[in-house]
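What follows is a single structure, written as structure tokens, with notes after it.
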Amino acid sequence: MSVLVILGSKSDARVGEKVTKALDKLKITYRIVIASAHRTPKYLMELVEKSEADIFIGVAGLAAALPGAIASHTHRPVIGVPVSGKVNLDSILSITQMPPGVPVAAVGLDNGENAAILAAEMLAIKDKELERRLKEYREERSKAVLEG
Amino acid sequence: MSVLVILGSKSDARVGEKVTKALDKLKITYRIVIASAHRTPKYLMELVEKSEADIFIGVAGLAAALPGAIASHTHRPVIGVPVSGKVNLDSILSITQMPPGVPVAAVGLDNGENAAILAAEMLAIKDKELERRLKEYREERSKAVLEG
Amino acid sequence: MSVLVILGSKSDARVGEKVTKALDKLKITYRIVIASAHRTPKYLMELVEKSEADIFIGVAGLAAALPGAIASHTHRPVIGVPVSGKVNLDSILSITQMPPGVPVAAVGLDNGENAAILAAEMLAIKDKELERRLKEYREERSKAVLEG
Amino acid sequence: MSVLVILGSKSDARVGEKVTKALDKLKITYRIVIASAHRTPKYLMELVEKSEADIFIGVAGLAAALPGAIASHTHRPVIGVPVSGKVNLDSILSITQMPPGVPVAAVGLDNGENAAILAAEMLAIKDKELERRLKEYREERSKAVLEG
Amino acid sequence: MSVLVILGSKSDARVGEKVTKALDKLKITYRIVIASAHRTPKYLMELVEKSEADIFIGVAGLAAALPGAIASHTHRPVIGVPVSGKVNLDSILSITQMPPGVPVAAVGLDNGENAAILAAEMLAIKDKELERRLKEYREERSKAVLEG
Amino acid sequence: MSVLVILGSKSDARVGEKVTKALDKLKITYRIVIASAHRTPKYLMELVEKSEADIFIGVAGLAAALPGAIASHTHRPVIGVPVSGKVNLDSILSITQMPPGVPVAAVGLDNGENAAILAAEMLAIKDKELERRLKEYREERSKAVLEG
Amino acid sequence: MSVLVILGSKSDARVGEKVTKALDKLKITYRIVIASAHRTPKYLMELVEKSEADIFIGVAGLAAALPGAIASHTHRPVIGVPVSGKVNLDSILSITQMPPGVPVAAVGLDNGENAAILAAEMLAIKDKELERRLKEYREERSKAVLEG
Amino acid sequence: MSVLVILGSKSDARVGEKVTKALDKLKITYRIVIASAHRTPKYLMELVEKSEADIFIGVAGLAAALPGAIASHTHRPVIGVPVSGKVNLDSILSITQMPPGVPVAAVGLDNGENAAILAAEMLAIKDKELERRLKEYREERSKAVLEG
């Protein structure tokens, strides 16, 4: 399996679907689960440690500790998607402002699609076939703009 | 031991000293250690799970996940102290905006003294002698204002 | 009585119900009243001074002075719940940024449930039976996430 | 006496001096004291209730509850001066965002001079002599700009 | 006439009504007009200079220059009411952060009622009868809270 | 004369110098004066109305009403330069968030150079010689980056 | 052609219509296209380089790089219109905070009308007939306020 | 070559050194250049298109368009490092809030080290030897915390 998508709670499913929809289009294998950094920390730790995923995507709102918590348990790339709420700066800053030594790759608020594309870009570094699909995907998007 | 004070990194020591100075004055037993939610997650988990402390105080800056991570490993009260930096709203929001189910008691930016007093207030609920010391402490502070 | 829940105005009832719903589940005795730091300061002062509550929870929006005003009249723990509105940073900062010497334990925006759990955690320091109920409560919540 | 200037703590003296310097120039009688909304609430209440001042000026930083607390004890005009710190939006919002029914007249961050002029403007409504001095004061300021 | 209420545009009428409703209850004479600091600057200047109002209330959103523009043309007190929109910090900061020398008394976002009460407080400094009505008004409000 | 540079106060001279330094390099005729929207509104009005400048540049901090006030008195382009202080969002939002009908062209915080280049770009629409100098100016800047 | 209006995506059409509606009223020739700084960078570059427009208007939300990207390819004036979304400070700051050397003239959030008027003001510097239409346009707007 | 580090200007070198220091320790091949999205857009485009780097790191402040501009010219992963200044939210939001379709992996303010580690994590997906060095690097960092 290539990507493990973890949602902080059921209410993050709306953004999670954007991730999986794009992963499907890019034909990237993935699994999607719910696991909370704060409410199920041990389950999350085991999930991450046992996982053979190449990349993790954490989707969370509020004091969005999930992507950082995933990153604390793995040396593989972790992408964080802040989920919108009443404050918005909370999840954006909780995911971007990681301390030196434990990076998270933050994408924009509710921007599940970009998390998927970013994962594809990482995997395509050594996968020519995926690189081709990725180019196609982005060219389609560019065309959609021009035909707007 | 009553209170376990955990700093996210050496650079938080300046705020940690405010905590311990007030705990000393209030004659509350404590231990102070450094443990990072992101860089030493297992050490932190074991530290919290094995601890017999009644209360935890987490001191951290940036995407300050430490207090929330402590709270994910214990049912005892966790007080969070956001540490100032270049953004400030990052640590304040990362500590206050915890998801429902796992509370952290946030105090103000760099406000280590209030974390100590809050811990004292919690312990004093069933400790008349500590309640007396606490009143004294706060009366002295009030006097200092009036004599300002 | 263990907890006195004070709402700054009728419009805070929506968040107040989250507090009392969780206190009910945790079987913690409480009373809930409306009292405004700005509109009924003396009533508030007398209410707090005469109260035998172990813990106070203040729920308020805008320049949310209520939790701080409660804290100015007691040496017992005060938990503050910021209520959402058009600005949100106003109530969050008015509750977290207390001056040194008079702590308030801030929880997240509209997060009445966390105020209740935090109160339970404080009371459970010396109450094994409540500690048991609290663990149950949090385990249920964790399960809900896993079954999500 | 016309104006009672209240500082939330000694550290607000720098801004308090801007207030009194302008009141001196405008020849307005005043008294200046330190009293904290949070640390000396009863002293503050008595101070305000017994005061024969026509106008109150509250100078405070952080979760600047002082002007609002003064306003809760009087029907006379209260001017609030937010004091700068590490966050700044905290004192500005804590003073401006008062609930309906209990107004505070907020001036800008650290802007003690404007608090004094505003007080003069209020008193000058029925005091032709003060109105004359006020005009002089503001004309001097305008000239200073033009001669800049 | 005692108070001149100026709205920056028709869209501010919703907040203007809060002002006049409270002025009506307090039996304060007023006139309400629309005049824009940016679109009708000369009309605004003449309006203010010719006015015999004791107090001005400016209601405006966005880069809310109206209250400051009024204040630039008079030595009488000017109260500013920021109107909510998509940003909110824009109107709050545009009204509070006036330069030294030209004060505006800022009240909270959309808080037309507080502008009216503040005007009443200013006028009541030398008007015992209005002071009585003002006390009644605020007592009613306090009661409403207690009966909440 | 082509450009009239107006500073809100002497303290804005630091940013004003960036404007005039770039105007000098671009060989654009200008005059620089101090005039405050709030403290010398009539002088400002006359200055703008009598001016034969093609473009106005207003430099101001805090509730930076100056550029908007200039724009209210002319149909020619007005460029606004927000000046930094303790809040920064105040001057940025006071200059950008103008109401529909009265535009100000906002540039970045303290970015006097961009105000000058923007003025040059406007004047160069019908001035081939200036367009040439402008290109040179920007090419030099690009080279400086490459030689960085 | 005088003005080239570029939208970052179809979803910016709502604001684009405000631009073209005002350009129509001012009888200014324009063309409107969709081109994304991020998704169609080369198309954008060619579009700008080949364009004979005197002025460019870029309309974009989020990390609104479009106006800056246009400015990087031309020495003619570029006006940027930030489009509202969930954060708003993102598009405002992405457009205003351009680096020294490459100016963008930022107008307010969603304020397409002001972009059009600003373009008219620039073109009117050397076009007396347009200046007349512009005055009429702004006088009508002022009247609308007075008749409000 | 594995990584191309691009600085938006000379003033970003301080943060660029954090990137290269960590890349050196991780023994990752890289090149570092200065190229501005706004001042040298074509040079930047050619640089990116011709580059055989597997990963790009863009370091920029203010309206930090650099990482997004790089991403618009490549299908390989782009990491963005916001550089601190007077506003800070400008560079953070300009880098995180990319539109759907063109991702940038944002790290924290001035956090050059995390950009380097994140690049290492991406390259280590298919490079066991680098994965080993990465683990060592992160273990050293964890030890440093524990020995703190």
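Letters A, B, C, D, E, F, G and H mark the chains in the order given here, with residues in each chain numbered from 1 onward.
To be clear about the criterion, a contact is a pair of C-beta atoms (placed from the backbone, for glycine too) under 8 Å apart; a residue touches a chain by one contact, two chains touch by 3 or more.
The model shown is predicted, which means the values in this text are computed figures rather than measured ones.
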Via touching chains, chain B connects to chain G in a minimum step count of 2
Taking shared numbers over all numbers used, above half giving same and below half different, the chain G and chain H interface sides are same
Matching interface for E-F, options C-E, F-H or G-H, criterion over half of contact pairs identical, gives G-H
Chain A and chain F have mean C-alpha positions lying a whole-number Å distance apart equal to 43
Rounded to the nearest Å, the gap between Cα centres of chain F and chain G is 18
Distance in whole angstrom between the CA centres of chain B and chain H is 35
For chain D, residue numbers touching 2 or more other chains are 9, 36, 39, 62-63, 87, 89, 92-93, 96-99, 101-102, 108-109, 138, 141-142
The chain B residues in contact with chain D across the complex are 84, 88-89, 92, 108-110, 138, 141-142, 145-146, 148
Residue set of chain G touching chain A in the complex reads 7, 9-10, 34-36, 39-40, 43, 62-63, 86-87
Listed in rising order, chain G residues that touch chain F in their complex are 54-55, 75-77, 79, 82, 89, 92-93, 96-109, 111, 113-115, 117-118, 121-126, 131, 134-135, 138, 141-142
Seen from chain B, its contact residues with chain A in the complex are 8-9, 36-39, 41-42, 45, 61-63, 65, 68-69, 71-73, 87, 89-90, 93-99, 101-102
